[in-house]
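Handing you a structure now.
Chains: A, B and C, in written order; residue numbering restarts at 1 for each.
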Amino acid sequence: MSLAWSFYIATVLVYLGVDVMACWGLNLQYGYTGILNFSFIIYQSAGAYTAAVLTLGPNTAGSFQQYIGGANLPFPLPVIAGGIAGGLLSAVVGAIALRRLRSDYQAMVFLVISLIATAVVTDDVGLFNGPAGLSLIPQPMSTVLNLSLVGYRWFYVGLTAVICLIVYAFVWRITSAPLGRSFRAVRDHEQAAAALGKNVTGLRMTSFIAGGVIAGISGAVLVEFISAWSPGGWLYQETFVLFTALIVGGTANNAGAALGALLVPVAFLEGSRFLPQFGPPGLIDALQWVAVGLVTLVFLWFRPRGLLPERRRIIQVPGLQQARTGLPRPFDYEKTAETR
Amino acid sequence: MFLHAIGFGIVTAAVLALAAVGFTVQFGVTNILNLAYGDVMTASAFVAYASDSAGLNPWWGMVIGGLFGAVFSVLLNRFLYTPFIRRGARLFTMIIVTIAVALILQNCLQAIWGPDFYSANISAGATVRVLGMVFTTTQLILIAIAAVTLAALHGLLRYTRLGKAMRATASDPALARNCGVQTRRVIDGAWLLSGLLCGLAGVALVTELGSFEFTTGSEFLVPVIAAAVLGGVGYPYGAMLGALVIGLATELAATYFNPTYKDVVAFLVLIVVLLLRPQGIFADVATQKEVAA
Amino acid sequence: MTSVQRQRASSAAQAALLRVDDLAKSYGGVHAVAGVSFDVPRGRITGLIGPNGAGKSTALGMIAGAIKPSRGSVLLNGTNVAGWPSHKIARRGLARTFQRSSDFSGMTVMENLLTARYGQRGDTLRGALLGRRYWRAEQESLTARAADLIARFDMARMANEFAGTLSGGQRRLLEIMRALMTEPEILLLDEPMAGVNPALGARIGDYLLQLRQDGLTMLMVEHEMSVVERVCDPVIVMAQGEVLAEGTMDQIRSDHRVLDAYLNG
């Protein structure tokens, strides 16, 4: 295939990997635990900025970019640091904002937090270079490996795939363990979950932070690839695209989340690049967003569970087929207080 | 400088009060957090602009904007929100629905009118000194319009059947229904009133700002919600007070601190209220009410 | 306290698994519960009845930790748990059902039961990340236990169905089964018969009696008098936020204050 196509497909694959990871992270928070985290984008950004700053090197006075921190760390340390940053920021926000609040108020709180974060970063140039953001971030291992432009792209696809697998293993272990069930219990009926001894707040925080770490990693992977990041990419609409992806693909289903990532941010938004340019600039963008909104409404109406709804996990137990009535007594309740 | 800020604050508060009261009336009766409210304001402003361009007196444009807001809101509820609720959509589904509507509306406006800034057609007018503060005549008219409209609303809520029915539904939908209140009509009424105020506020906002673009209304949404929640959801008088507080606070912050942090004041107020006292300063008890549709 | 007093206190505490003392809740100026005191004796099913608005569900909520009491104490096996968050009280051996169905509708019956037990190995982040090898054995024994319960309550057909697809009565059973998975010392039931057809209601009554025979202590808020009669002893009557009378069903029935309360309340 032509070089241009090869270049483009490699790029799209990296975006796909990043979006799939982001969807897995948000799915953990929203699909499994029922947290309407409309601030998801800021944890991705935290990861992105951390990784960027740790790759750019320390801020020298008089350089055209001003930012805090800085080091020249080799890959994969910046990505790991990005994950940690996402996790730390989620811990702080979660401690403040995750509380017993009606769900729409909770969503509003998260939305406003992301607005505050955007405003602060944009206005304060000293923090992360203001609205211009950071750029010219060196790409991982690019000096070590001597690859062509396209070659490097495909190398990065491989890198992204490996990181995706690691994130998937993390998410899979959590959701297939009893912890995943506890998350879903909190989602379905938090009072009943508490009545079973589950620490609802603790479980929410765990899910929130785990999702935040994944968000940070996804942001870091993206920023190391595109070499630039600015607050304009922080808007709350970006989070909404991920929500649409989950609604379309299927919540509480990791395959569904991946499918949603493929269909919405990638196929749909990227795909519209190929439409012939019509109208004034920005028209296609605007129509894209209208379509995203419409897709969300259509799916919420016709197929709220998504294309791949939550799986029914069947647990086989030998001998259960016979329905026994009568009095086998599995438990003995005559316990004294001391044995508790 | 202080009086200057107070003056600005009062004008902002007037516009904010119109919008916040509209928001709180609808939220109180229907329990739906309508995040598309800000974009309906923008849409109304654009409709007014269109009518101005057609040659009508721009003050009529405000009326038309208000009517558009009213009709649009009723239809939005009738054909979108209510069907979802009838289907059993819960609160968090509804908020995603309203965000989707906001996104669609805002981007339709962008598609039609582009990303450019438009000037408001009502000119500022001569400056007037009142009590040591400086206002333009237009600003004074806006304040007057706000005051008159809110007084009329007060009368409606207090003395008419619809108003009493709305207050009853706001405090206890199930009980109101059992008492024979025709919920359907009350809800339509709430959206109509709310939409009217929304439209008027939208045109007033762009008039006060002088120029506007497709995101102007949605940027105003957070102060509106902050004022409504601060005063207690469903309490119009609370919303008016909340609007005053936030209007003054944001202008004072802009004058004495960094003007770019003006928005952040409203953001912080909203978060603090939601996290610490979601029922607002003036309300009694916050309950997880059912959604009324 | 002298040692004699301590002994007397402890033997009194032994008889009552749960002791409520001057428990009260006010909302603003309204006294939902105006100071109630009663004992829930071990190994019996105690009924809590009264007209609407008597404060029974509020009292239950306070005992379970869902509502914070305005004052008073709740002694569970001698420890005062009043004001504790509900998950901490649950970890002390108190299980409860809810008035409206509280099943985890996005999970199957089996999953509902498996998630019930607190403190499972795979339930922490560390445990989950350590993988199946770490928590599998415990899950298998829990599964066997759940299977026993399912068989006992005759729910085999529905074992792998989503809890959301169950009928109202089946959901009640699921709630009770789920509570039993925690091996509680005391089970609080909030109107278990509400909205359940009489046949299934009778079956639930049977199960409750079986559980009592096994030694489980229960406190049941209920309106269905026939069930209360059949299953509960003792019975506590509440009205207007206060305890009106205590005793067996016969004693209650002949108490004129109770009759007044039901007629007027």
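Just so it is clear, a contact is a pair of C-beta atoms (placed from the backbone, for glycine too) under 8 Å apart; a residue touches a chain by one contact, two chains touch by 3 or more.
Here the structure is a predicted model, which is why all the values come from computation and not from measurement.
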Pair joined by the larger number of C-beta contacts - A-C, A-B: A-C
Most centrally placed chain - per-chain CA mean versus overall CA mean: A
Chain B and chain C: spacing of chain centres that average the CA atoms, whole Å: 47
Chain A and chain C, separation of their C-alpha mean positions in angstrom: 40
Distance from chain B to chain A - Cα centre to Cα centre, in angstrom: 33
Residue ranges of chain B touching chain A (in the complex, touch as defined): 33, 35, 80, 83-84, 87, 89-97, 99-101, 103-104, 106-108, 110-111, 114-115, 222, 225, 258, 260-261, 263-264, 267-268, 270-271, 274-275, 278, 288
Touching residues (chain side chain A, partner chain C) in the complex: 170, 173-174, 176-182, 184-185, 187-189, 191-200, 206, 210, 252, 310, 312-315, 317, 319-335, 337, 340
List of chain C residues in touch with chain A within their complex: 64-66, 77-78, 85-87, 90-93, 95-96, 98, 102-108, 110-111, 114-125, 127-129, 131-132, 135, 139, 143-152, 154, 156-157, 159-162, 175, 178, 180, 182-183, 185, 210-211, 214-216
In the complex, chain A residues that touch chain B: 34, 36, 96-97, 99, 101-105, 107-109, 112-113, 115-116, 119-120, 123, 237, 240, 243, 247, 279-280, 282-283, 286-287, 289-290, 292-294, 296-297, 300-301, 304
